[in-house]
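Only one structure is covered here, and it is reproduced in the block below.
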Amino acid sequence: MDHSQLPILVVLIPMLVSFVIPLVGIWNKKLPFYMATAAMAASLLAALGIMNQVLQQGPISYRLGGWAPPWGIEYYIDHLNAFIMTLVCFISVFICIYSRKSITQERPGKEVHFYCVLLLLFTGLIGMLVTGDMFNIYVFLEISSLSAYALIAIGDEKAHFATFKYIIIGTIGACFYLLGVGYLYMATGSLNIHDLSTLLQPLYGSKVIVVSAIFFIIGLGIKMGLFPLHTWLPGAYTHAPSAVSAYIAPLMSKVAAYVFIRVMFTVFDVSFSFENLPIMEILSWIAAVAIIFGSIVAISQSDIKMMLAYSSISQIGYIVLGVTMGNREGFIGSVLHILNHAFMKGCLFAIVGAIIYRHGTRAIERFGNLHRTMPLTSAAFAVAALSMIGLPPTAGFFSKWYLVLGAISAGKWVFVVVIMISSLLNAVYFFRVVEHVFWKPKSGGTDLPIERNEAPNSMLIPILVLAAGILALGFASHWIIEMVIGQTVPAGIL
Amino acid sequence: MIHEQESIVIKTVARLLVPFIQLFALYVIMHGHSSPGGGFQGGVILAASFILLSIAYGLDEVKRRFSIKALTVLTSAGVFLYAGTGVLCLLLGENFLDYGVLPVVEPRGMGMLAIEIGVGITVMAAMVSIFHDLLDFE
Amino acid sequence: MIWQLDLILLVFTVACAIGALVIKDLLGSVIMLGAFSLFMCLLWIEMGAVDVAFTEASVGAGITTVFFVIAVFKTERRSKD
Amino acid sequence: MEIIHSIRPLLAILVSLAAAILILFFGKHRNIREFWTLAAGVVKFGLVLSLLPMVLDGKAPVTEILTLADGVSLKLRVDPLGLFFALIASSLWIITSIYSIGYMRGLNEHAQTRYYFSFALCLSATIGVALSANILTFFIFYEMLTLATYPLVIHKETPEALRAGRKYLAYTLTAGVFLLAALVATYSFAGTLEFTPGGILAGTADKPTLRLLFVVFMIGIGVKAGIMPLHSWLPTAMIAPTPVSALLHAVAVVKSGVFGCLRMLWFVFGTGLLSDLGVWIWLAGFAAFTIIVGSMVALTQDNLKKRLAFSTISQLSYIVLGGALLSESAMIGSTMHLVNHAFMKITLFFCAGAIYVNAHKTKISELNGIGRRMPYTMAAFTVGAMGMAGLPPVAGFISKWYLCIGALQAEEMLFLVVLLASSVLNAAYFFPIVFRAFFRKPEPGAGEDGLPSGEASLFMVVPLCISAVVSIALFFAPNVPLHFLELAKTVVQQVLQGGQV
Amino acid sequence: MKFLYLALTLATGGLLIFGALDMPAWGDPNSPANSHVSPRYIEQSFHETEVPNMVTAVLADYRSFDTLGETTVVFTAAICCLLLLRRFRKESGS
Amino acid sequence: MEFLSGHANYFVYIMLMMIGLYGMMAKKNLVKKLVGMNIFQWSLILFFVSIGAKEGGTIPIVEGAHGHGAEIVIQASHYVNPLPHVLMLTAIVVGVGTTGVALAVLLNLYKKYKTLDEDEIIGKL
């Protein structure tokens, strides 16, 4: 196959396979899992090919239907989306492998359609990443949202209500995004991201543009789960099936964060985002509040999934804080944190899923003796928890390093303090769990059985791969920054 | 909710109407090029005809003629026809969905027709399927 | 474009929207939503968006209303607000 | 200094990491497991020792592992100060390992594999701390040390131990966060994090900012060094098994703290900048306060380990004080006290552990007459106590001598008074123990007399005798065993010359 | 609580009206939206695609990938409803 | 006044959007919430179609096209802008998809809690 067709293949393969899965599912219930994994793996290969091409030749443009950009839809891939796309594909493959046993146990009989919808979710995420067209992002946003709604709704007994809440809030978010697109279209007449960025230059004084920027921020803020707009997130992450939590938590908010970065730094340029309005200033304060809020609420949770969900809210705050600091270090920290957090949260939710699979509990108090029954899983948990706290040499340390560096370069000492406090709070709630997992004294009957009962290999291996990834990313972080992330920094940011 | 209707009038009228509705739907799909309409609208109208049948004759009757499996197959087949047209363009050496290379007369028009039919099939099957699912849920 | 017609349609659309939210009977509310959708559809025809209007008539006023009606029949008609 | 590339510093760290993995692997066979502990200790000591000639020749072996950020890499470099600390840690590890075997077997402790595993990790991190070439590498190993020590602190897994562990983590992790902030700020001011004799921060920012930075640094590093308002985790952590306390207090954790303190004072800020900013007096003041108050609190403690803990707090501040006084002799004294205190304190802790294993006594008031039953142990204890009080012929005298001369050189009579007063206090809280042990009769009643019939196992007695002997040897020939005095003088010259350039 | 919602609604409304102040007048043929990309669709689509209905031309050709996405949305909705509503034999058995 | 008449459609869409948004957030009945959601989405569509409207423009279908295509000269100002229509076709379909999934969730909720009132459901959680 010609290399120039890679950008479409990365979306097309999972899409086509997802169309076929219901047909195959009629006569074979086992095959869909393999098809889904294969499709994601193929996407991963394509994404790696794209990555390679981008690294060697710079950004790629692909014209769908052969029409020139402002008229037709264009796929535009530069370092930023190539990077996040590879990340999404990588995590997807492993979580997909992971999901098989878990979903068979939790929702027997629904595997066929589960994999179809999972693949559609994947398609939606990748579609949002590759495209260079504002409206196309909306379409794929809706594909991913719809499939996420369905996947969350098949969770535990409270999942339906959480999903309904998510549908209502998520629709508001998507509509606000579309409203922002509409305002931009009204002011410029174009939908193509790069066309827009040139057309918008003389228009920054217009109220229409200002309002559209605000709607983008609100809409994408909802989709990301940024602090005052996060209300859907804890319920959705907590009550979804464990495989779905492990898929959605690391990826969906990251892709929304990518769109946010794309809109604020490519569509609008840096001068608008930072100088015309105090938007970024306000956002960075919101992010700071989110960081503290998420951590504090996480401390008071007794359900581990709820705790991780609130921790996600605080970590989203990190990402937003980094990009809104307006300097190179902060931006790098943000993008690096997208990568690191995807690994950490994927690993943590996968571990929780494995615990639920074996012991059927997610109450932190009942984790006593876990290190005896599931030693490898517990070790992976320790690694991920250390990384969340930000201790070296795990990956989490390095994103924090760059974020602090960014805050210092921006002269914002308050944010240095915020990041410091938050890592302490992280330590508080993660060590609470670690203590239960490794050392809690026996307290009469509520502990788990002592005999070794590790999760099945198909779940354990993805967990270990992600945990190893956390360590490897720590050591490779400078290399990654030099190779890729350094190139993603928008031109206006010094 | 929907049981077999007692009224012979409704049954007869429905049976009379359905072919015309379906014919119109097909017209809408095929004539989307030169008049308002297209795959979506036609597909939805086609779905409406089956929904009318369900309302008049009861869900079970329709299911007997139009099984769930068939609906699944059609839902997939429609999108597959759409994407398949695009892939065909890929295989013929052009970009995805670039109909110019299709080996037929008026390639662009024909390509569009193919995808409109695909859209129509999917929309019809999907709507009927959602309708059945909602109705069947107990 | 006739502004009197335009105005009447706009007023009716808003009235239907408010009605759909205010009516306590859910079936009535859902039917009102269908009516809202039809007025929308007329508005769009008037703006020259025939395709959108066609789709709205079939999808919005048709299928969506059918879905809603099924849901209301399957659940309950009463509503407290 | 001539830089030569060498993989030996890295190997010195990896040896105990590898041992940790092997220990985990052979967890079921205790002889093999403990063999690995000892073997790694010996190999590590050999590796560190092999670096000594190079450093004495004025060469600096460097291992650059990988780049962590622009201009900062995971890098090890052996300079005299680092080697000094590495020598202490690696030599004491061997002794502690032997002692642990006796202690753990004597008490039949649970989870011994985890214990040895964490122990090996701890040592790996300590050597890393010693040999780091820049603050980031230092920080990484410093945090690793925190985590590796945590399982040791809560070894008993009782609610009390868990609470102590939580307190330990709360203090050290908070400190870590401060240190991280300070380190990032340093990076953004100076653009480098390399430890350089004479400092890297001079002239990079205005004075108030640098003063603030100094305070943040000292909070970050001062927790482990046990400087007074930040010390309270240390007595709490006494809940840990005694070899761990010995390790915590004499070798790894607190020494990393003071070692880090010296690093930051001399190699990041530099003597010139410190006297420019005038901040050294703050630190010296805190240290003096800690010396006096720590000794006074020690007087009131009845629990032997608690008394030793407060003694540690007070003694560590000698080192900090010497580092902060910035005069040549004070700096030599401070460096020498690193090693002297290590050997003396570990002797004392070993004795406390031996008493606990053999007699199950933890209170000082119960020790009447124990010296007659355990003469070697208590003799060693006496040696340690004399050293603490700064009496010849034990090594403590040398460092105190240099410190006093340094205080004179710096013309700070107040600190001289503090040092002398502290010696008196030290004598006041140690000698009653010796007195009780040898000259009081065991209290009557309670069955027999509650005292053991003889010494603890050889695994415990031999190490504590060795360390006591070394403490004395360091007095007579501070240069002979491992060239400690020579190294200390090199360090100080380097720092002072670097400061002048 | 209702007060909060009302305030949020009014705030959104205020924002929208604020944006509307700078909008081009309704039906203005020279507004940016009507003069940048769309003229090419209107003027060229018939020549380029031989389809008289411009909406179809844009829908099915220029922006056909959007339409594929949209069809995928319908497909997704169908499968999602299936996943949520349909009972499967195994599940009822257990 | 001229401004008002020129922007009347925009104000109506703003009003509808506020109605929909309020319904979505403040109504306690879940069906009502979905009704609000639909009003919200359709008001957005109204906004988009309004962008494309053109004074004096006709529906975007080429007149007299059959048979002799190539000679026809088409003036952009004669036809309304087709692009928003295309986008909104997509949006309508997305809307019906969302509604379908939402109703599916709603039926599941009713089955479990036997009520559609948000507060009662929260009380029963």
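First chain written, first letter: the chains are A, B, C, D, E and F, and each begins at residue 1.
What we mean here is this: a contact is a pair of C-beta atoms (placed from the backbone, for glycine too) under 8 Å apart; a residue touches a chain by one contact, two chains touch by 3 or more.
Just so you know, these numbers come straight off a predicted model, no measurement behind them.
Looking at the partners of chain C and chain D together, they share no chain. Centrality by Cα centroid goes to chain A. Between A-B and A-F, more C-beta contact pairs are found at A-F.
One finds 71 Å separating the Cα centroids of chain D and chain F. Here the CA centre of chain C is 18 Å from the CA centre of chain E. Computed from the mean C-alpha positions, the centre of chain A lies at a distance of 25 Å from the centre of chain E. Separation between the centroids of chain D and chain E, computed from CA atoms only, is 68 Å.
Contact with two or more other chains is made by residues 15, 19, 22, 64-65, 135, 139, 142, 146, 149-150, 153, 185-186, 191 of chain A. Listed for chain F are residues 8-9, 15, 21-22, 50-55, 57, 59-61, 65-66, 79, 83-85, 87, 89-90, 93-94, 96-98, 100-101, 103-108, each touching two or more other chains.
Across the assembly, chain E contributes 16, 23, 27, 31, 33-35, 37-38, 41, 50, 52-53, 55-57, 59, 61, 63-67, 69-70, 72-82, 84-85 as residues in contact with two or more other chains.
By the touch criterion stated above, chain A contacts chain F in their complex at residues 135, 139, 142, 145-146, 149-150, 153, 157-158, 160-161, 163-164, 167-168, 171-172, 175, 178-179, 182, 185-186, 191. On the side of chain E, the complex with chain B involves touching residues 48-53, 55-57, 59-61, 64-65, 67-68, 71-72, 74-75, 77-79, 81-82, 84-86.
Those residues of chain B that touch chain F in the complex are listed here as 34-36, 40, 123, 130, 133-134, 137-138. Residues 5, 8-9, 12, 15-16, 19-20, 22-23, 27-29, 31-32, 34-36, 38-39, 42-43, 45-46, 49-50, 52-55, 57-61, 79-80, 84-85, 88-89, 92-93, 95-96, 99-100, 103, 106-107, 110, 115-117 of chain F touch chain C in their complex.
By the touch criterion stated above, chain A contacts chain E in their complex at residues 15, 19, 22, 64-65, 67, 70-73, 107-110, 113-114, 116-117, 120, 123, 127, 133, 135-136, 139-140, 142-143, 146-147, 149-150, 153-154, 183, 185-191, 199, 206-208, 210-212, 214-215.
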